[in-house]
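One structure is given below, represented as structure tokens, and several questions about it will come after.
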Amino acid sequence: MNNFDKPRSNCGIVGIYGNSDAARLAYLGLYALQHRGQESAGIVSSDGEQFYRRLGPGLVSEVFPNDDVLQKLEGHIAVAHNRYSTTGGTLKQNIQPLLVNLKSGPFAISHNGNLTNSGELRESLVDDGALFQTTTDTEVICHLIARSRENELHDKINGALREVKGAYSLVMMSGDRLFAARDPHGVRPLNIGFSDNTFFVVSETCALDLVRAESIRDVEPGELVEISKEGIKSWKFASGQKRFACIFEYIYFARPDSRVFNENVDKVRRKLGKILAQESPAEADIVISVPDSSNTAAIGYSRRSGIKIELGLIRNHYVGRTFIQPKQDFRDFAVRVKFNTVKGVLKDRRVVVVEDSIVRATTLRQLVSLIKQSGAKEVHVRVSSPPIISPCYYGMDFPRKEELVAHRLKVAEIEKYIKCDSLAYLSEQGLLDAVSFDEGGYCTACFTGEYPIAIEHKIGKFQHEKNNLNDDQE
Amino acid sequence: MNNFDKPRSNCGIVGIYGNSDAARLAYLGLYALQHRGQESAGIVSSDGEQFYRRLGPGLVSEVFPNDDVLQKLEGHIAVAHNRYSTTGGTLKQNIQPLLVNLKSGPFAISHNGNLTNSGELRESLVDDGALFQTTTDTEVICHLIARSRENELHDKINGALREVKGAYSLVMMSGDRLFAARDPHGVRPLNIGFSDNTFFVVSETCALDLVRAESIRDVEPGELVEISKEGIKSWKFASGQKRFACIFEYIYFARPDSRVFNENVDKVRRKLGKILAQESPAEADIVISVPDSSNTAAIGYSRRSGIKIELGLIRNHYVGRTFIQPKQDFRDFAVRVKFNTVKGVLKDRRVVVVEDSIVRATTLRQLVSLIKQSGAKEVHVRVSSPPIISPCYYGMDFPRKEELVAHRLKVAEIEKYIKCDSLAYLSEQGLLDAVSFDEGGYCTACFTGEYPIAIEHKIGKFQHEKNNLNDDQE
Amino acid sequence: MNNFDKPRSNCGIVGIYGNSDAARLAYLGLYALQHRGQESAGIVSSDGEQFYRRLGPGLVSEVFPNDDVLQKLEGHIAVAHNRYSTTGGTLKQNIQPLLVNLKSGPFAISHNGNLTNSGELRESLVDDGALFQTTTDTEVICHLIARSRENELHDKINGALREVKGAYSLVMMSGDRLFAARDPHGVRPLNIGFSDNTFFVVSETCALDLVRAESIRDVEPGELVEISKEGIKSWKFASGQKRFACIFEYIYFARPDSRVFNENVDKVRRKLGKILAQESPAEADIVISVPDSSNTAAIGYSRRSGIKIELGLIRNHYVGRTFIQPKQDFRDFAVRVKFNTVKGVLKDRRVVVVEDSIVRATTLRQLVSLIKQSGAKEVHVRVSSPPIISPCYYGMDFPRKEELVAHRLKVAEIEKYIKCDSLAYLSEQGLLDAVSFDEGGYCTACFTGEYPIAIEHKIGKFQHEKNNLNDDQE
Amino acid sequence: MNNFDKPRSNCGIVGIYGNSDAARLAYLGLYALQHRGQESAGIVSSDGEQFYRRLGPGLVSEVFPNDDVLQKLEGHIAVAHNRYSTTGGTLKQNIQPLLVNLKSGPFAISHNGNLTNSGELRESLVDDGALFQTTTDTEVICHLIARSRENELHDKINGALREVKGAYSLVMMSGDRLFAARDPHGVRPLNIGFSDNTFFVVSETCALDLVRAESIRDVEPGELVEISKEGIKSWKFASGQKRFACIFEYIYFARPDSRVFNENVDKVRRKLGKILAQESPAEADIVISVPDSSNTAAIGYSRRSGIKIELGLIRNHYVGRTFIQPKQDFRDFAVRVKFNTVKGVLKDRRVVVVEDSIVRATTLRQLVSLIKQSGAKEVHVRVSSPPIISPCYYGMDFPRKEELVAHRLKVAEIEKYIKCDSLAYLSEQGLLDAVSFDEGGYCTACFTGEYPIAIEHKIGKFQHEKNNLNDDQE
């Protein structure tokens, strides 16, 4: 059930400082950010001296099945991580937060994003005798810190971050300090919240609502923040670089009840639907969404077009990560497992289906077929983002370029392939009109192929895994 | 997370005949019916000689985690069961399908509903030396069949069903035969589907869609159906009794994409919303649902009232059955774990919240508070069913009468308790207007306190559990 | 590793009355009796009202891995069971103690032995509408008790025991009473112990030593004992029948530190070795045992023959129940896994190997080969029991008659088959000379083929399992 | 049950080269060496390119419960490890074989022994930016190898081994090569075996017998051996240093069917018994051993003294690592769980109990009490090693010095403490007379307090664990 037409591999990160219930608050944060990564979860906590760790594959509720496991994670500081990655690269030792032993003591780190020069850095570190424990790019940062000749930890970190390139939002912990940092271009979100003397650092603000904390501000691009008993300190390890916030956070990743990059996701997403309706109207009786990810855009489309919205697809929320196939090949089975149609709603209607994005189009193709089998007279697909033509090197996991349907086919050809009556994408200009930051300021590389941050000549998900270790740790 | 304001303890049942992949088809059926019971699941399959069983506590995906466990369930016949029950009564041996050894061979049975004279029958059977293995009412049927002096199995079953009273939809299996039966009043749904020489018997038709089977007809009230190599045979073990279909199936239980008691659930549910809007209009800017159960009624309300529908609440679908509480008491935490508000949508708006039913009102109270904290100017609660004042003895699990808020308080008092600006329920007449069967034909006991089927003087969930056995079977 | 040349399927049973730590004492009893059954274990405890049960496959230490599971088994009464059985018949529901619900309340039973007329009884009970939950012969006793028209439980039990035939030692529990019974021929052992107001009923006295209890007396053949607050009561449900104690308990089953049938096992076993040395001397340099089961007999042989005893074989006690085979076929691997030779001891010696019994001879054959490879000049096998020519129907599990090497081959032929320099068995007279009960009084059917208790014409381990149910309960 | 009076923390190591079934052969080796470490087990295998690992806490049969887990360990090379360590230091990441990524590829290592300068080396490596993954001394070797400026792996290893001090037998694997090394003093055993083009490197020769391999020779003190397609190569990384073989291997650790340091353990152990009988005779009727560890010495004692040997104690081999205590305090319970007496043997006898060594004496004290309770007239304890007065820093795990009974008490006082009629230890000269290597050549530090290899001023089991990480990895 993992082959649905969506990008993946973004992560959710959480940091807590100043609460004797730090691990449980981190757990709540992970839980609110579960949509950002569902393959593994982990928390490291500390009282400033002792460190406590628990991590494992699976959902937050699987890795932390009862209060006993959280009770063991003592202390008033915690960092946590949700992770999404494709099967090949799921080594147990890669599950975050990573934890290493610096000379000064344990150091834990959670990373959302992707470094673009980690291959080169790793090679030179290994040449110099470094022993890597994982195949993550994140570990490079740890070794750079360990080898720094600076005296203060924040200087070591600033130095390390000046060497790495790419997209990263980080929370880190060592001694009695919590650190947070964001790459100079601010590709991934990271927000600071506060409540009752407790500091929160979270990927999205929805993680603050659950614990009734207030968002204070974003960690700034190129900023390192240190939170300790003495409050917040801040350093700019880089400056003068242009912001490139990932626009896909608005289209699909972030939850609609979150605020990222200083805008309400719900508001942007609704605008995407409205502009889409304006750019690409349709003669139709009803608008339906593909629940739940395009619900908001569908409402925007309905509002602007005046076509009434309906619940035409029911999503089964009990689909686990594995789903057992029957022997017989039921047509469109993969999509039927996840969605069923409400026949009374669709029968004899001309239907607009609003989808947020298309990667491979295989799911959408089956959905269109399903809707037609249920009696729809016409199916008009409207996509609230431009065609995806190029992979992401900054923390999203797309299929290979060749599998992106819009890389291989023109819109008219995709329309034919998915057998709908009409297909329209949002324009790039329409996309940018929905967001409010001036002068660009967004990374749209997946729609344009233009990469704002330089990448190593040879980059790939498994660049660090050439000596493939097959670990069957019990 | 189990204390949400909804009735429970309905079950989902499935029978398959005539497919070498019977267990996998039963698994798919259970999966589509997961909403009817999430505490245990089980499948018994057979090739007509050998019987194979697997059952356990948890979701379908937990009891059947991989294909290996399904591969062991050989044969072309299967019966299956999803179950919901409160903790106290969850004995391992009660997990269905029950399987007993008749003289003629193994006999498996799945039951949705509740018998109302099982206590008396059990007492007399025990007096007569019967050894009961479970504390379920279902086992009474097995003993009655075992002791029948009839020759043919269908005659034994018919005889047994003439002795039991109450609500039951059953699928049974023995030798090379699948049986299905429904009580004389037809309280719980049961539908027969067909596809490619395979017969399906399912609680709701949504279980047929997944495998592309067509619904043929309902099992009739008072009918026993036998499916074998020779096709379908049918007997009427009771007749002349009035139909009392559970109207709550339309309000909350059944999936909107199902057809039960010969009507589309979606259509009835939308009508409930429309009639509610007519009976109890509100001066408001937006209509929101409590996702997902009141989505359809909310659309009906929006359509009839002309007030636009919005997504004001986001539901977190990752909430597991257990949720670990933080030490600190965050106000409204229990509902925050499940729902978050979209502040941009609610701020400064007058909001109609459509809810499908109210049991205890504790959740709703917190929801109203949450919506107000998010800036809503007014909150008008509209409930698409009448006040629940009385428990169900026919297969739904309500809290005790004293915990039903509408049993203790008048509507005006409930309005005060949940602190909304106005509260209105659907009327009983409005409820009946939304369904189409003539001359009543529905059980509405939970709204009226009038029970159409006689019940034992002393009935309760644990009536059969006086010798409480505390089993810690590994 | 289960194919070693020994009979199996005997069981160990324990009953405790009058101690608030009853379940833990039962656990200690099971642990001391682990040698009598290693495939499953279970305890049922009670405070006279509530019953508590835990059972599962595996060793005692696996079924009861920590104190938490024992703490749940409350009350001052307990019955317990260790069981050995071949794979085919290991159904989960067959794990003892069985627990059924009589009209008067729960009733638990542990059984060591085998009924010889259970097939006929079961057939007639099923004809009469009884639903069997297990395929054990023990359940027949439960149904007979449930259907008894007597008023008092002890009368019901006495009545039931008068109907069954065969070998059985039983402990039972209901209400605030512990019962113990032994078949009229006293085939299997059962002893009563006492200490600090606590009563113990155990298969072997070694289970008393661990808890410092004193053995009071055996439960007599044909006696039902009831232990309650009022102390011990006793009934003779049968009398005038001849004793047939299983002589194999002395040869192999019982622990050498136990006293069974009023004799020290160690003493009898040593006599077997001495008489063997007398009957079948050997010209040799050393005597070795096959550790640990023939250690005592080997000492007897050494003492009487004057040939010094040596440790020639080292047994690996870490062999689990499953052992993974290498791909390559190492000669004699099956025996090497369990035993290694001490080459310095065996080299150039003429060796007497004392074995307690031979079933298939495959292991012994490999052992002889192993010893010869280690440099022994001659190997003389001496067996401290007569040739086994016939299966047991009273509670031991032999392979089928055809697999008994002494059924198919004469002693001279076996000698050739196992390639030893000489082979001798103990004579039947020698066997009887080692024990002290007058006038026979022992069952020696496995050596003679003469069965002292009548058996159903068609009996077998799986007689009750014709409707083979394949249970994969989670 | 872990407090028995024996030293611990020795390990068993295995290396395999040249067999497509390498992991299964390593598994068999671990299984034969299970007595050397029972807390964790692990295997790393390789085909020269890909590496495969499985490790975990528990017995070999628990970490490798079925063939599936071994089938995943592909390749023709393998290294493996059994480990014993006290609870405090059992971190999951410390389980061996360690596996690190050198520049040239993965490198796996299994270590038996203890380094005496690892603290200093680690400190200097960490100063230099090294990130340690474990708290083992073994990892120091990995970092030294990683940082070596040599070109060839064998040169890197030789260089690293020249820097470390202490006791170590190692097997290592990288690329298509297996390495084995032993410290310059040869403290721990390590033997090379061969069979059918397969090389084996094992702690004790008993691991060769199971797979029918022949012992070729020991790895020499100060030697590094490389095994590859081209056969065996060898380097001497140290020379001219005196041998100090651990004499305790003969007394207790090694299996009697093994050959270590070029002598049969059985032969030495029997001599210990004989010399003990000569040095400290006793007027007695029988000699008994404390099974199984002193069986051989007891035979030696019996032979030389002429007093007949008997089986007076029965050991329960089913004792798991945890044993649940009853609430009531049964006197001598801890020892009763493990041993039972054979009363018929002991009653009215004067008994010599041969024990191999005494650490705390608590067990022995209970044993003596138990034997007396069983009726023994006199109990004379004879110990086949000298008093242990000093801890081991070369790979054995003793309790702290203060807990060594012979450190605190004189022999006459110990005799009183354990309440036996007489107590005698073997003399140091007697110990050395039993072994055959010239000019000393043995480490006897635990008996003399004279440490032949220099140790860091501050050494302890947890020296590397100051930053205590509490890992609860799922």
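Order of writing sets the labels: A, B, C and D. Residues in every chain begin at 1.
The rule we apply is simple: contacts are C-beta pairs under 8 Å (C-beta built on N, C-alpha and C of every residue); 3 or more make two chains touch, one makes a residue touch a chain.
This structure is a prediction, so every number in the text was calculated from the model and none was measured.
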Chain at maximum distance from subunit A, centres defined as averaged CA atoms: C
Euclidean distance of C-alpha centroids - subunit A vs subunit B, Å: 36
Centroid spacing, where centroids are CA-atom means, of subunit B and subunit D in whole angstrom: 62
Centre-of-Cα separation between subunit D and subunit A, whole angstrom: 50
Residues within subunit B bordering two or more other chains: none
Chain-level touch network, classified as line, ring, star, complete or other: ring
Each pair of chains that touches, named by its two labels: A-B, A-D, B-C, C-D
List of subunit C residues in touch with subunit B within their complex: 50-57, 63, 69, 72-73, 99-103, 105-106, 126-133, 142-143, 146-148, 467-474
Residue ranges of subunit D touching subunit C (in the complex, touch as defined): 19-21, 24-25, 27-28, 31-32, 34-35, 59-61, 64-67, 70, 196, 206, 209-212, 255-257, 264, 266-267, 292, 295-296, 299, 303, 308-311, 314, 316-320, 322-328, 330-331, 333, 336-337, 340-345
